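Before I ask anything, let me first share the structure, which is written out below as structure tokens.
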Amino acid sequence: MAIDLHKFANPARFLRITAVIFPWAAALTLLLLGIGLYFALFVSPEDYQQGNTVRIMFVHVPAAWMSMSVYSMMAISAAVGLIWKHPVADLSAKAAAPIGACFTFLALVTGSLWGQPMWGTFWVWDARLTSMLILFFLYLGYMAIWESYDDPSKAAKAAAILVLVGAINVPVIKFSVDWWNTLHQPASVATMDGPKIHSSILTPLLIMGTAYMSLFVTVFIIRVKAEILNRRLRMMRLVQLED
Amino acid sequence: MSLNARHLSCIRQDRLIFKNISFSLNSGEVLWIKGKNGAGKSSLLRIIAGLLKPIQGEILWQGENVKDDPDIFQNQFRYIAHQDALKPALTGTENLRFWSQYFGTDNVPAALKEFELERIADVPTGIMSAGQKKRTNLARLIACPAPLWILDEPVSSLDTHYIALFRNQLVRHVKNGGMAVLATHQDLELDFIQMLDLDAERGKS
Amino acid sequence: MGSFFSLLKRDIQLAVRQGSAFTMTLSFFVIAVTLFPLGVGPELSILARISPGVLWVGALLACLLTLDRMFQADFEDGSLDQLMLGSMPLEIMVLAKISAHWLTSVFPLILITPILALSLNMPGEGIGAMILALLLGSPVLSLIGAIGAALTVGMRRGGVLLSLLVLPLYIPVLIFGVAAVEAAIAVLPVGPHLLLLSGLSLGALVLCPLAAAAGLRLAVD
Amino acid sequence: MTTLTEFLGMGGYGAFIWPSYGISAVVLILLVAFSLRRLHRIEADLIPLEQNRKTRRQNKSTKEGAAS
Amino acid sequence: MTRKRRRLYFVVAGMAVLGLAATLVLMSFEDSLVFFHSPSDLVEKSIPAGRNFRLGGLVEEGSVIKDGVEVRFSVTDLAETVPVVFRGLVPDLFREGQGVVAEGQLNEQGVFIASNVLAKHDENYMPPEVAESLKKAGKWQPKGEKQ
């Protein structure tokens, strides 16, 4: 049947390509995590103000970066899935969501563990922290939608609508520290006049950032593969029912 | 006036319901869609009404693809579904008046008369019997006139008297140049009828 | 336009005819708000301090309770199919439903807010701002709620999912709405907060019907 | 020994730094583990179905071969 | 009206409303939509005593006096200065010349009675030696002088 072929054609190519990338991504993740952690814990100096707590930055900031990038990626995938009905787009958004949710959770938790000794509080309701919490809820809502629909193609569309509605939150998170007087400090790395972090602290941060990125790629490949196979499993069970 | 369907296929929840259904219908004709439960009668009607998207195929109205210009098909048909689309808190007249206003038509008194509803028209539809509700629902066909009637089990829960009454309405509509697509288990014994048997179509593949 | 107003009229007529839903939302709001003095204790200064938040949260929850009926009733009795076959764009149809929801479920809450505010010992400066903030900000509740309602139409237990989807998106309105009242109480300028709330409402007015209509197309499909 | 305790103490902030790293490790390892487990389950479920299909195809082709 | 024409009208109207919404939001940003108020804000807006709000700024150099559990210091934005009293533990990052956000209310004498003190740090990170050498080379700008 022509329709079936269309559904399998692209995923098959996707699986072939990712099968090549996967071992490299996994190895790179382990390597970078190793180097990054070594730098973060042993090589990197204390901060002139914050002392050793600056080391929390090496797990906090990459998680926060990833939480927003993953959501942006999901929003793009969702749009592609809605407009061009590309079969892998919906699945990749679905596969990315739990990873993004984990990163967001980590950014929130490590952030509050950093906030307590430095700011004097685990949590404040300032714009940055609140919008980040909303992002976490959006991830949860997205996953809940996938769970709630029986028909996967409907679930994909409903989830895509939610992601696109929530996408408005991403620029709010990014610029919240510039738009409002927040307790959270402004951006340090991606600023107009270059990074405001000394290279001895910036290097481990960037290594850890790359490590998180490649960790995302690794887990993402595993999850997309699971989704594609799951769809195939569903199809084959239906075929079995029809006979 | 003409309604054409070309190569319609329908997939629901990854299951193929029917494929490659084609028909053409002209003024003064009725299309009777037959089929077992689950053969896709309702789905086909919903596809014609534009509520459901076929996985492939197209609907043509007056020879033009409805997808290219939905305006031409807008308000050209009336769809009667299983559910009555009546608000239990409103009376029959209020329900009908709302729909006729919504569709920009106004023929409510005539509709009440044709379906012998005048006596019960001011009762909330919530306390009507199933047959009375069905008749109020069918009265929408007269209250909001349109050349094409799309009818999903129109005579279920009607007794013989009202089946005959509905049949007369249908005959008059078709005689006056209207057309209808009809899915029903009951044979209405119409003579200008085309048959589309979804079970047979399924066997073909 | 005729279709828009006939639908609006019908929904209001339905709400009036089925008065129970009407009074139930109102009673929920009153009860939820009056629970706070019992829970927090009768100390007037504390009550005054939390009153803006309590009223906003109360209104928000009362609104949430009514959301799942926004499209559900029409979906169940087949009206939704018929509504989608009308000649006006689906987005406008959705807007008519949202307007009806706001008028019947949210607006009555605003009307009784002054009384509740007094019972919570809210300072006089705050009450005016509270009403203005609610008038300008609460349309967002119905607008965003419509997205959640549309996405959960036809679900067996859509209510829980609906809250999960909608509540996070309500947070900004809640924060700015409360900030407006607190600013008024602190005798700071309220203007910027009200501007922001109106901005949110206008933005939601454009974007939410689009998303809700997309959700409804999905529901009937 | 003192260097180790010094290192673990992190200038008095060990109580905040180590949980940060710890929870990050736990969450990410669990994420990988659950993702892998799900993939393996689905793969395992697929195997019998794939074989089933293959044998049916073979049956079909042998039948057709016999008929021609 | 054809469908295309109608859609065009809707898009134009939608864009106009969105533009208006954006304008309103941006206008409100210019003013006092903030997590905390600066000492200058206090002078401008004359917040009455007994109202809760957050006061933010820098801890004035040489103003910190610790007296048992009580800490007295001044918050400044280099234009205005407000004296603050706080009973309790201050966060580790609480230092002279550093950013601080205090929650509390003014008393009749214009002293800010803080119920909670939070430290705010800037976006610069560097090892102490670097900070030291920057200071020596005169390239160091403490945060206060920037504003």
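A, B, C, D and E label the chains in the order they appear, each numbered from 1.
We take it that a contact is a pair of C-beta atoms (placed from the backbone, for glycine too) under 8 Å apart; a residue touches a chain by one contact, two chains touch by 3 or more.
If you're wondering where the values come from, they're calculated on a predicted model, not measured in any experiment.
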| Which chains are in contact with both subunit A and subunit B? | C, E
| field | Intersection of the contact lists for subunit C and subunit E | value | A, B
| request: Could you compare the number of C-beta pairs in contact for B-C with that for A-D and name the larger? | output: A-D
| said: Distance between subunit D and subunit E based on Cα centroids, please, to the nearest Å. | reply: 46
| remark: Rounded to the nearest Å, the gap between Cα centres of subunit A and subunit E is 31
| message | Averaging over Cα atoms per chain, report the distance between subunit B and subunit E in Å. | response | 66
| query | Using CA atom averages as chain centres, what separation in Å is found between subunit C and subunit D? | reply | 43
| task | Going through subunit B residue by residue, note those that touch at least 2 other chains and give them in order. | result | none
| request: Give me the residues of subunit E that touch two or more other chains. | output: 29, 33
| Which of the chains touch, listed as pairs? | A-B, A-C, A-D, A-E, B-C, B-E, C-E
| note | Given the complex, residues on subunit B that touch subunit A span 9, 11-16, 55-56
| query | Across the complex, what residues on subunit C touch subunit B? | reply | 2-3, 6-7, 10, 13-14, 17-18, 76-79, 81-87, 220-221
| query | Quick one: in the complex, what on subunit E touches subunit C? | reply | 6, 10, 14, 17-18, 20-25, 27-33, 45, 47-48, 51-53
| In the complex with subunit E, residue positions of subunit C that touch it | 49, 89, 91, 176, 179, 183, 185-189, 191-193, 195-196, 198-203, 205-207
| message | Help me check something: in the complex, which residues belonging to subunit B touch subunit C? | response | 46, 49-53, 74-75, 77, 79, 81-90, 94, 98-99, 101-104
